[in-house]
Amino acid sequence: MQIGLVGLGRMGGNIVRRLMTKGQHKVVVYDTNSKSVNDLAADGATASASLEELVRKLDAPRTVWVMLPSGKITEDTIATLSKVFESGDTVIDGGNTFWQDDVRRARELKERGIHYVDVGTSGGVWGLERGYCMMIGGESAIVKRLDPIFASLTPGLGDIPRTSGRDSHDQRAEQGYIHAGPNGAGHFVKMVHNGIEYGLMQAYAEGFDILKNAGIDALPPEHRFDLNIADIAEVWRRGSVVSSWLLDLTASALAKNETLENYSGFVEDSGEGRWTVNAAIDEAVPAEVITAALYARFRSRKDHTFAEKILSAMRHGFGGHTEPPAHPDAGQKK
Amino acid sequence: MQIGLVGLGRMGGNIVRRLMTKGQHKVVVYDTNSKSVNDLAADGATASASLEELVRKLDAPRTVWVMLPSGKITEDTIATLSKVFESGDTVIDGGNTFWQDDVRRARELKERGIHYVDVGTSGGVWGLERGYCMMIGGESAIVKRLDPIFASLTPGLGDIPRTSGRDSHDQRAEQGYIHAGPNGAGHFVKMVHNGIEYGLMQAYAEGFDILKNAGIDALPPEHRFDLNIADIAEVWRRGSVVSSWLLDLTASALAKNETLENYSGFVEDSGEGRWTVNAAIDEAVPAEVITAALYARFRSRKDHTFAEKILSAMRHGFGGHTEPPAHPDAGQKK
Amino acid sequence: MQIGLVGLGRMGGNIVRRLMTKGQHKVVVYDTNSKSVNDLAADGATASASLEELVRKLDAPRTVWVMLPSGKITEDTIATLSKVFESGDTVIDGGNTFWQDDVRRARELKERGIHYVDVGTSGGVWGLERGYCMMIGGESAIVKRLDPIFASLTPGLGDIPRTSGRDSHDQRAEQGYIHAGPNGAGHFVKMVHNGIEYGLMQAYAEGFDILKNAGIDALPPEHRFDLNIADIAEVWRRGSVVSSWLLDLTASALAKNETLENYSGFVEDSGEGRWTVNAAIDEAVPAEVITAALYARFRSRKDHTFAEKILSAMRHGFGGHTEPPAHPDAGQKK
Amino acid sequence: MQIGLVGLGRMGGNIVRRLMTKGQHKVVVYDTNSKSVNDLAADGATASASLEELVRKLDAPRTVWVMLPSGKITEDTIATLSKVFESGDTVIDGGNTFWQDDVRRARELKERGIHYVDVGTSGGVWGLERGYCMMIGGESAIVKRLDPIFASLTPGLGDIPRTSGRDSHDQRAEQGYIHAGPNGAGHFVKMVHNGIEYGLMQAYAEGFDILKNAGIDALPPEHRFDLNIADIAEVWRRGSVVSSWLLDLTASALAKNETLENYSGFVEDSGEGRWTVNAAIDEAVPAEVITAALYARFRSRKDHTFAEKILSAMRHGFGGHTEPPAHPDAGQKK
């Protein structure tokens, strides 16, 4: 079918390519970067030089997939689209938008007869080849109408073994996409997905940290080990309970550089981790692991926290007004 | 080659079967449960009615693999073996022994000329079919001599994509086993493996909990979702960043029973989680996620903690000597 | 000076009494519960039968202190007041309002020339006797004008030793109140105060839990202790580093009933703990302890979490399709 | 009564002084630093030039209080004392010894008829003036015999209000000391005391960190506050729920230097925090807050953890083999 695609970065560009390859869809593209537009036009997409032109080149009812960084640029693009759209048209937000913004936008757009679909899209730069795992929020009729698009983007069954007992369930999940619920549900599920990802990553990270420090001088000599971290990551890929795609990535990085000295250790967080914790708090669900993973990233970006200085000041206070580490209990960094 | 196997439970029995299938090894078996012995004898193993008989049926230098629950029964079995063993014989502990016990045992056995090998074995009940991922601690010459055994038990390359850049690394890791280091190193690495597993499991568990509670009454109506947890688990298996074997298991359980009402929620912990945290503390490595995962299991086994009663008592105290929830701040379980 | 007081519950009633005792202020009171109104009228307050009457009985520029549970009732009361107020009048919110609501309200009221002051008030039911610790947000001129009110409510220097080096600082802090900043700052500081309180309480609670369980059967006999928790709480009040008012309350509760069997262990949380964590996340400050304290309360109110059932389901999956605790790794060192 | 004191550092020296002031005890002192010995001799103590001389100057049954850093020096000193001691003599370890070492030592010394008493001593450098809070482990008869010593060291009732309902309890707790139980119990209770202290300190530290960062640029302008941390610490000392001695120390440090720029933020930990977490794990008590407080100190002493580099490597892997922060999901809301 026909679709417009706005935002031709790594994710958006690959989505266009997969749509053209897997589904013979007609894709009209736009990006502020004209090189991205021209590259895709060379591959078969229809170029446009503005949002307005992109909309004009689509037949009603139109569908435009917006694939931009979450926040102001996505908000502005959708606002512009909504002005040139007609009743019955649909905008898809495939980025990492905060789900409560979806709820608000869908309500606002509905007043003008415009449909809204939020798609949480996982797959990263590997999606062109592997396909995208999609979590979709929106009206059932609209999600159904767009099925050819989603079906082209998903990984499909591939060689992943089927889960037994799923014959009575929605078959789309096995293909790699779900209609999660009304607007916001798609990005909500994707948000939790990323929250889990934070926890998984931190679990591996801590484990490798413990392995890495197994030989430090503070330990008794008979209890020290000098372990080969790269080999350990590799062996766990083979038949162990902790095998996963994230472990594959870790093994790959360690095979190249076991010390990872090429990384500073400064770790960004995107909004999803924070929003997941906020959701946990709103629901009164204890989410210790996901939260701890988020906090580890916060801490990684600081030289020292003010909290640590407060600790030092207190220790100074009860240890006797000399410089730290003067606390009589202290000094034993074994 | 020739090997004795003591402990023919789910893990031990399957190890015997895989050894006989994959390597045409001669396996002499013993278990206090004679039915287990007889079943394996029917499949080609050599039965023995006692540890002593098992040892007699092996040629020097002997190798006996002990596959029993960690703790007293393993300790006693190895003590008995060491009495009937001759200098040059080898005992393998393939269970989940605390690695510091390995260090001690190896030192004690060495005085009598007996070799010791600790093997952390992952694979669970799936190992017969998939093979076992093994982390091995011990003397290099001994581990090398036993290579045919380990090579028969591993999953091998299978259809798991190779990690690029590993040509210069130890090739055994790609087959599914490593010689991690001296005695204790095998179980140390397996311990950390299980610690990571705790963290991974808890990350998924929290995420599904947040999804499950996304529709509770305490939330504003426009922010409630009634999500299909089983479909979400399934879709994440397809091209998402959080795909893993543990997720496969979760999807399988949810496909059968989405409410999981067949589980009480009482969750055991084995020693490895505790030992991993102890190791982190000894190394001064912050391991928030693994520790939180352990504590979640502790908490799952209690109706209420004394800590919670202390909290209530304090709230009562500053809220004014009436029954809780009399604290003026309280009551808002939104 | 003259002031109106709306909300004559435990906190509000005592504030009225302290104002009349300490400052000879004229207090006009209102509550939907006429008995509370009459009781205070008998003690010297001026009764009113409605918000409108209360406002009529005050001379311009009026000041009305609202002391109601945070949320809808406070919001509605302030909305009503704003309708009968004239430009130049002031409303004080002394409850536990979410600080972002203060920011919004102050902005809205300012359009009508009405001043707003947010007062975070600590002291609980002990405030009548001990005085109230107040954290105030609002315009400097207004906070200054209301100084006689705040000065009457504070504990004052009392017998608490002065902090050296404070001569160049704002002297109000030593009396027990501060002008923290613009609107919202008062409740923001009070919110963090309560967040800290959560952490402090949980630290004591965990410590007493460890003491309480020091004699369990799972420990080696030579490492078990049967400790007198009530005596320990008492002794720590005397010269130890952990002495505090919260410890005093704990010692008092344990002196009455060492088992605390009169408490269920179900622990409420008020909004401040949640908001503090949200603030930490917005600021990218790792707040592990305060968050863990909040989550412990969430967990205390559940029989079992869905997360725990997910864990059981996974363990079942890799442990072999029998009922838990069939996982072969489960050593159940309870 | 008569007592020997070994180890005349800040704590030991002050204990000698308080014993001589409060109780007219005869104190024989020894330290490897002869200046410390001479200073105390000038104040009335009996000097000795060796452990052996100290023992000779005491009448049987002798009592020697060892007040040295925990670990090898304490172990060696007690070993030496045990050689020159006679049956019936008593050694007191007043330092921060690991309680399981007490259990072992008491058992070994008992074989030679020597008594052992472990005393967890809180009070820091303030103890000379305020008195020491003591938690004592040992045989009842011995603890009773030494009561004059303990009674002289305690703070006593002072002006701290009595806890109601304690008339039927052990009156020593109100004086500031308890006989906690058999050997090890004294240091066990002191260990948990310090574990709680870690949690309390971290709760305050996090709260002040949130206050400190309340004005960062990442926040919306209308939600930023520039707070006076020193005034806030002071005001909380006055009638608030979080008042405590640790808060007094914090207020004092902030009054001197609000930025605490004189502290690096590198925070030591002594053994007690680690041992408390180990005890929690042995007892299966979830101790999230105390553990998080310990981990915050671990993290404070590192530039970056290996865990953080692992996270970066994974993000690099799924974000597409360019340099971080290239991960397409990374919204970098710093």
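Per-chain residue numbering starts at 1, and chain names A, B, C and D are given in the order in which the chains are listed.
By definition in this document, contacts are C-beta pairs under 8 Å (C-beta built on N, C-alpha and C of every residue); 3 or more make two chains touch, one makes a residue touch a chain.
By chain, UniProt protein names: A, B, C, D = 6-phosphogluconate dehydrogenase (Decarboxylating).
A quick note: this is a predicted structure, and the numbers were derived from the prediction, not measured.
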item	value
Chain separated most widely from chain A, comparing mean CA positions	D
Distance from chain D to chain B - Cα centre to Cα centre, in angstrom	37
Distance from the mean Cα position of chain B to that of chain A, given in whole angstrom	30
Approximate Å spacing (C-alpha centroids) for the pair chain B, chain C	45
Of all residues in chain D, the ones touching two or more other chains	124, 126, 194, 202, 204, 206, 209, 213, 241, 245-246, 252, 269, 282, 284-288, 292, 295-296, 299, 301, 305, 307, 318, 334
Graph class of chain-chain contacts, one of line, ring, star, complete, other	complete
List of chain A residues in touch with chain B within their complex	100, 103, 107, 122-124, 126-127, 130-135, 154-156, 158-161, 163-166, 169-170, 172-178, 180-182, 184-185, 188-189, 192-200, 202-204, 206-207, 209-211, 213-214, 216, 218-219, 222-223, 225-228, 230-232, 234-248, 251-252, 255-256, 276, 279-280, 282-290, 292-293, 295-296, 333-334
Of chain C, residues touching chain B in the complex	9-11, 69, 71, 96, 124-126, 194, 201-202, 204-206, 208-209, 212-213, 245-246, 249-250, 252-254, 260-261, 263-272, 288, 296-297, 299-301, 303-321, 324-325, 327-334
Chain C contact footprint on chain A (complex, rising order)	241, 269, 274, 277-278, 281-282, 284-288, 291-292, 294-296, 298-299, 301, 305, 307, 318
